[in-house]
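In order of appearance the chains are A, B, C and D, and numbering begins at 1 in each one.
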């Protein structure tokens, strides 16, 4: 029997929003979801028009997430999962309500605005039957997963260095007033105290710890808001100390002309080094120390890794990109939810960033902010 | 009112096939289609299982395309378009039947096995109310379209040279017997007389003429089957003479180790040159003669081209790839079909490869074959 | 005892010339030569000023090459070798005179203006005690040599394809009247009938045959002079058939905006492919068919090749370039000449392009010209 | 009248040494020097053999630098300049003696082992008639100079960020006992307290301040010796605060597998960003914020910069590398010394790193060491 599609609702993502559309494409690519309900906007007009555009039945387009969760709970064909794609400050209440209603959650990052909220959500999640996934989408790239496996297998030897960076250019100058994306991201009330740090720095941090499976122990950071009048950081410099003696640096910026979406990681062990960059996601450099031959490993359906290849749809040389990596994460989540329908646990649960990743991310953010406020004092990641 | 999705049927593309799945993803990405019927395989078991997997209702899974066209014609919610994703030799009969039934056609390339068939189909298409689209998917890439516009605007000056190549490695050795993709592609009965030439050479040719809007007038070619026992060419060398005095070269190969899906084009005018490669589709090199500054133009939602930007879903630095370019073509077709529902003509019709492109492609193939058999004599592209 | 420097004279290369200065740097880099005499210009004033600038004693600055050879023959410390860096049409008479005088020759390419001259020079060389070297400098690059060794060892398997190209942009438009380099290169009287073909096409051809050690058997070519009024070709398209069943293409152009000095070669065997580009000379791509891992091989003093590493002066990561490759050729010649002082034969003689390379190059040029004039008929390389 | 060559002596650089040979090639490339004397080794046998190999007259091969300076002072044709290419700990006494003898100094970096020595040398230099040049060779690259000019002209706007890195791999493991280069570089007695920091970190620092002409005000650093038993740092992480509000990061390492000689700098202003990497020295990325077109600027003899183009010998597309950049520095010094012969001051004096650069470098080293020892406390660069 074919597995029925996951019945999905969405909060946020109405007309004019950005990331909601990305989630919807991600959900569609492998055809594992059906978007059947939505509370797409706090503005009724926008919500209605958006739902119609998305072929959502008018009686399942809701004015609020509370309404949606209540109404859908009463339907036999009610939603099984909700995608939360609102600005950051709404992640917490929506996720909380969903988990309490037993609805699986697919939440955009960062998990919440504050560590306190994240910890509370962790509590709620631990006592909920629902699954909580945090869309750190870059971990969906096949070669990111392959890199993690190579490191776990020991191909790099003992990890010593992790150099991660994520520069962008789009906030180099004060944005126009009508730039909706820029507006909420630079407003501490909606995005939290961490600006660039929360928006993209957490992706860089998550990538580093996802691939190496090391824990960040402490950080020495220097945050800056270069653009006049900006209330949150637009550049983050940080030195990192990981578990097992590894060290690293993290740089993230939104004021770096020439940089588009420059997430890049280099990891060095005592046997080999690797490098992967999000803008060229179909290749990974891997250089064993011996032999002086740098090797490019391509995204390839023959890679000796099931986890990497399950996210590959087309043969090598046919580039897959950001949307496919995002889709892979959605498909993994679908597999998990489908297994849970039968009371089973799918092995991909271990690969999907969840509430713990969210909490760690908030701890990272807090430690960076605290260190920067303390003249870059080394600051541990604790509660 | 929201435009209803296009009701789509599919011929071919059952379990074990490759390109059918690509078409389905392409159709889903922008959510403009609903796959409601299929004649997915000539084997009833495979057809049934494939339909179920694709959530096609069992009564709309057909044993043959003839059955499907007949039955769907009788339904009010019958298919409006059919995607033909069979091996090459079936393109002609299926497309013919669809056009005659007034069903819009989305046909994988090459259009047919022979020029004769293509010409007949051209006749049929000209007297059919249905729209015929040929999925030369590489023309869906935003920067390919942007390049075409730059050339049309005159930014390159008078075009002199077109160097196009498309090397792959996957047939370097005789493939295993169970490699289904390789089997039909190297069998003249199913793929036509042209091997590598028909499979990927036609893509290279189409890209060159699509971007420059020049006509190929004659060709001097040298075909080879390097692998012992291979019945069709696996390497094509050709020199090209275009209209308006432009010249070029075309190389395509399936025996080039290190090459994955290396479609690449370089176009030189008397004012500037450009270069685009399918494996790095989000960038295009454009070098004006003056100034000695090479420029990379990125896929970017701010490009000064409506046609290019309509195929861009996410901001620069977030790579889109092969599936998105394919999806863009599907979405363009959806726009055309939606306009036709209302008796209107959508401007994107001019950008979608159709039956004329198919005929020209077959003329190209024939001329190349004829030239190669005549010791590379310059051979004109005529009927 | 330290080997004394080779006493070198130069013909051509006075003020305003280009390639003479390159030869002099090449001779100096490894300090194996001493430039002691010159007939640097046909204009006495220029000859005198140039000699002074180069610290050549005034009594060894000559008004003509004939004077130089005569006078130097009478000196105990007379020149042992002469570098010929004149425009093409003077190569023959100067080389002839030098060989007849027993003076070793280091001649810029192409060897002569015509095949007849080249054959005559071959005769003269064969009966002369002097050594004749032709500065096909690109064969001095360590990785070009390494590639040749890999092919000889069989790492690529049986060679099937050789794709070589050499595009430039500098003659895209008719040059200014005062561009001395452009003037003689586009004047058939001084450069020979072959324009771009002779200037850089011969380098491409030499590289292909040097690396693979295959012979070019026949060629089908299409030459064009795109710039109005130009008397020699500025673009060459050619298809190639080599010994042992290999095939290839050659493209060379001087009207390709965006291309600087784009000599690039790709060689494919049935086991692996390689790629090397002159503009990134410190790396070579080598991709074995198995494993789907492309490898970059760096210029590296640990390469398993004596011939490759003898041309490496500094550790990997410290780029060497065009001048160093040229110097390596000069140093090889110095080793040969030093061995000959003692009546010995140095093993590097086999690696230095000589009169036979020159003759083959002229045969190539002639065949290309003849083929192009015969509507691209396949034309064999014969006398 | 032609300018006579500069008469050069050398201290260090005997057989088995590395950087001495580089200096000699650099001095020869543009033919502005004559190596006439040497104290090439502290071992008499090696000194003698080395001198002979270099064609230095036996009576000008000295057993010590003191002897050389004394004897050469007494000759009319005595050396005008001395190249100091010893291990670091000998830089100070040799430079001191030379300056006191009025001999111009070309000293390899770092200037001395300690800041105290550097300050003393600064005193001596200020009261000496001789010129002191420090071979921060990377500042000889044409595009590094061009970048400095662009920044000075304001093309990047106000500088905000400087991200500089210099990773290598060659000390990833404990080196063999017979690796002479590794031995002295990891021995605090000969190289100073700073390991990787002094060897290559100072190059990175110098590049950053050379290009931007900003002063480093303070540093927060974390040094590590990853290889067991290593007595000096092999990895440096540092955050930087420059004058005028600019910030940056510096990473340098000798334990990064896959990195060869990875000096790379990225500089971001509020109008544009640039990037230059030593391993691809013939290109520089320059991206103005407006327009989303990244541009590559090539090393090109038409650059609108006299200082950049004076270091270019061959046309674009013909790569120049490390040795040419080093040679450019030598040639600049020759111009300065030739001008001084006539009592003139050459404008290139301003571009040649000298004793002040050396002192600043030592201050940088000291501040980094001090910060690292103080748990990465921000540490100012003071005496």
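We adopt the following convention: a residue touches a chain if its C-beta (ideal position, glycine included) is under 8 Å from a C-beta of that chain, and two chains touch if they have at least 3 such contacts.
What you see is a predicted model, and the numbers here were worked out from it, not measured in a lab.
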Please identify the chain with the largest separation between its CA centroid and the CA centroid of subunit B.
D
Counting in whole Å, what is the centre-to-centre distance of subunit A and subunit C, each centre being its mean C-alpha position?
55
Using the average of all C-alpha atoms in each chain as its centre, how far is it in Å between subunit A and subunit D?
44
Round to the nearest whole Å and give the separation of the Cα centres of subunit A and subunit B.
35
Which residues belonging to subunit C are in contact with no fewer than two other chains?
259, 294, 298, 316
Determine the shape of the graph in which chains are vertices and touching pairs are edges (line, ring, star, complete, other).
complete
Once bound in the complex, which stretches of subunit A touch subunit C?
292-298, 300, 302, 316
Across the complex, what residues on subunit D touch subunit A?
160-161, 163, 165, 169, 172-173, 220, 222, 224, 226, 235, 237-239, 241, 247-249, 251, 253, 255-259, 266, 268-275, 285-289, 294, 375-378
Subunit A partner contacts - residues on subunit B that touch it in the complex
1-2, 5, 21-22, 24-25, 28-31, 52-55, 168, 170, 259-262, 278-282, 298, 313-324
